[in-house]
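What follows is a group of structures, each given as structure tokens.
In the two assemblies presented below, chain A is common to both, partnered first by chain B and then by chain C.
Up next is the complex of A and B:
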């Protein structure tokens, strides 16, 4: 039986994922060593373990993981259907703005209902933003990566403008704070995830992310609709021939992907952490972190939950390395190396499968 | 005021031209290059680090020229990673582009913090040319192109002319275009597709690196590890300009004008009276590019083999 495990595609994927993480961390460690060799080992250990050193930190890891699990799911969903949604950043921004706007302005709606409404509207906003590249790809033959880049920047400038004209906090130069009643409830999680000093801000957003992951899994793997989406992505002509409307499905899958990124934006800013949207000419990083989360999670919903938690623990630990004089950007460097080496995954996989096949042959002989 | 706008348009237009031409070389050879932003940041960061370190010992234009050289080398080096992944490994060209775009700002901020405890790198702008001798005194043209300017403006124009000649009038250019349109046909007449694509991608990094520095020098004296999306704007220039150097010139002028207006419209009465917010001028190029794409992509003016790894076995 053991042999079959080594032969299976999933196991090889898993191994190559581990390999890529290893290379990324190794290069990160080397950079730390070059920067300051005496503090590097401690800093490196902090990056890896800080997220798990207390219940409060673990809560913070789950909190940070929520938006990037969702953007990871968004990117992975588009991958599964043959598209590459690098527009998650813009969809995230649109969703975030809409959620904050409702959270601040719709105060005559009861709290619970208002939160649900915020998330729903964020999902719709993200879906519409994702529909633009989807439509252009399906009916105008425009490559979705290019149109996603354009829609990312349009979203950034548009939302900056809308914040300034609608919900500007003139003192801080960011969006206004969201009232506590518009934030996601914690359902007592703060009693579990805390240390002696303070409780984590972790809230039910993490469960929402998990529910969405499960729903996506069911849709993609267990329904006819999901099968059609995947078929269209795998070979559009064949799908068309089989009577599946490839064009319509392309738009739909970009809309679903966009709606998840929109929800990520809502959950990120309705978390009660006091986080506001700042008015800067930089795209939201969460959309791009989602790409690495999706790759590391092998584009599988369950894998993405774990890779999201892992990546967010790195970010939490990376921020902590300030006490050693480093900055959190080291984690972004590690992430970029990981993404880069994902290009190599194919190579590694062929190498591994060759080697395993060889050993198998020897056994037979 | 008209001259002021034109001068400012040049500040944005020149780097856009240089970087878009970088993208042009790479994409005409068949390699998608969404990493222009990252390469700009790397070029700008390393060369500004150099300028800020040596500005007390070296003065004036020579240090800027050395800076440009350093930006070029840096951009070329980082491009090597993109070339290796997309040519040797036949990997997804988007993915390594995303990686470089993520790496560059993180690296710049990390290194700046390590050196100076802040992500900002300050430098003194000693490169402005008040008026070019003789040319600056020509009426109309003088104030438009030869006053309040930088040596980089003329370097940018030179790069444009040379690129045009290289792409359309040389054997190298013909081969390059062949690799982007039909690599198998190119290979069948003895052209090394691999080699051509390598040269093109590294060339694109060299130009993007230069473009990064050229963008930063006139508009600020603080580099904070970002080129504010101008790499992607250059990509839009490239597409809007239909992968053609001459059209790129006009696209860059239009996009540069939009940037100049958004940066200074509050000082101009008639633009202020229009009451169009600055954000919309900055958005306009991206919207225009989307519209152009929507109406031209069916005809596909893009290089035919763009984004396809070359597989010699598939001939």
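Up next is the complex of A and C:
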């Protein structure tokens, strides 16, 4: 059988991702034009390219990409198993708090061990937080989207309370800074990712994200456990019919998904960027950006690494456009539009495969 | 004035990769009953969807009374006086009969529904055509054949002249079919023109005047029914001579394999007890929705909260076991809905062949799937069961035809060499070739000493394939019959609940 290029599944995936990015960028550009037509072309170019203009910026792109690749993986993993973990935000927050708490308080443990412990505890925290909607769905038939939204808010307020009562920096109204010895090591990356002025804060977190992506890929594609999880995700009825315990797997899947989001929280705040958790009534955006990252990467671990890098480069470039006089709000709108359009990738893919892909039915009969 | 009230000329409709209708021409004369005959997937539904404006034809025209019309949706179809009784009724279950009939053509007085006039008109219509129905009861509280009458009155109320019946007898008992046939004949006598979609030859012979046959999307012929024999019709439909009989040897009945005692579930199953022995095909007959689905789900473990004294497989009580443990006790199950329960369409063929065995040593090495073994295994099944594929074991299950999808399930279930093989409507929606093959396989299983529990709604299949028949009506077993000593008519009476065997016989 001849293999036509349009028939290739991977090519279609790639094409649909490119298409949504293009449309998102186009509309983003129009918004920039409306806001300030003369500065728009430069600003647009900055959004697209700023992340790649220097080694330091590239380091920052990887740094920013780390948490959203992980939340993206978290969402994608839940998707593969038939659930929609919109609660990555809350699991991220829980993981972040636990990591910071250990980073600050467990100083009698040696630095290396302490970092590993922070990440592990963040993963466990995220897993437990994810288990709540998983459990409710499996045994009480509560839709996971509803309970995830609730657990997001509970996480936010609970963590605000815990910061205030345990690790409050009264001067800044945020969590206390994490001592340098609790931050992720850089393994000399600062010597590569730098410009004349200073180095990027990029650290080994990015490698951790890649390792997790690979592990997830192996679990989903190569293992018996992955076969079970995906069977349940694709067709719960068939899984039941075959005697695969759907309920147990649902809880497990949400726990794994939650643990990845929890690790995302840890890596985000142990990055040595001086970032602290603020006491505000806003949900962590990383959890939601993860949804777009997962979609844009078509729920494939490798795709998500690239879509995470791409989205974070847009964030970096977007922030930079303020030098052209664009207000923060406009930049946020442009970013949101682009990210929003990324979520339409499956729609486009369905459309493309209907129109370009010849059905295989003919050949079978 | 044209000879035909409705004409569809040279209709062609192509879907990506498949021509669903290829130059089909059909003409319906005023006052006739015209049958549209074809196997499942021949293109009957597509043709009707085009007539209803749900699909736009690539080519061809539709004429009503000789005038070219464009139908872009059900509303236009109604304006052109075309009405249809769909296979799956389009009724709102918590509305009353009256509300369902007027839905979409409500009459109002000062913005308020005027039910009285509608009620009177419907009364007149139902008197005229002898369709006695109660108007104030809710749809969910009336029988399927009543619901069908509601659909017929809906068309009459809209003053439709062209009435389409899509497989109307599939859900009825033989007696109800008889009464429907009379109604259809009366409607035709009163000047309505009827298009009767079916694949049942007896019914065509009984009431149709002409018959248009289509096969694999192609127009084959329009024939006069009175001068064409059943054999000729079936040959036109299938494209080759078919033997309508199933040949099988005398059953060699052995030990009891499945023993169900006093099984109850909600109000769906009432104290069901029966046994299936090795070497026999026991068929559960009955009209859809009389508890057959629940019975099978209880035996396989898909539902849990039932009561029973025991469900024994050989000597093990499996009634408390998990689904997996039951499967491991050697139950094979060809489910009612192959796409809903039987297959994971997103997985390729090979992955679907290990749905219950993926975790066993054969395919599992320390938690990792043994891919090459899985694909080798699938290859042997493809060969042994003659599964037609485009890419062998890696073929996407979704792209396969219904018959081949069913063969995957059959292959998987038979290969596990179950003591008990449960087959629920195993030939539903398949073409004649696939049906023959599956029947042959089921008989082979019986002859090799397995116990076969078959659920079927097709009476022909019930009578031909089974050794013993249990009829279910409203969650009870009302008859236990030897298939040699019974016939369509008797089964029909039991299925309709108008006859019941005494407890001693059962």
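Following the convention adopted for this analysis, the second predicted complex is superposed on the first by the 324 of 365 C-alpha atoms of A that agree within 3 Å, B and C clash if a C-alpha of one lies under 4 Å from a C-alpha of the other, contacts with A are read in each partner's own complex, and residues count from 1 in each chain.
Following the convention adopted for this analysis, contacts are C-beta pairs under 8 Å (C-beta built on N, C-alpha and C of every residue); 3 or more make two chains touch, one makes a residue touch a chain.
Here the structure is a predicted model, which is why all the values come from computation and not from measurement.
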Chain touching more of chain A, residue-wise (chain B, chain C): B
Report for A:22: first if it touches chain B alone, second if chain C alone, otherwise both or neither. neither
Considering only touches as defined above, state whether A:237 meets chain B (first), chain C (second), both or neither. second
Which of the two partners, first being chain B and second being chain C, lies in contact with A:223: first, second, both, or neither? second
Touching chain B in the complex, chain A uses residues 31, 35-36, 84, 86, 132, 136, 140-143, 145-147, 149-154, 156-158, 160-161, 165, 281-283, 288, 291, 326-327, 329-330, 332-333, 335-337, 339-340, 342-344, 346-347
For the complex, which residues does chain B have touching chain A? 32, 34, 81, 85-86, 89, 91-92, 94-96, 98-103, 105-107, 109-110, 113-114, 226, 228-229, 232-233, 235-236, 239, 277, 279-280, 282-283, 286-287, 289-290, 293-295, 297-298, 300, 307
Chain A contact footprint on chain C (complex, rising order): 15-18, 300-302, 322-327, 333, 335, 340-347, 351, 355-356, 358-359, 363-364, 367-369, 388-391, 395-396, 399-401, 404
Using the touch definition from the top, list the residues of chain A that touch chain C in their complex. 1, 222-225, 227-228, 230-231, 234-235, 237-245, 354, 357-365
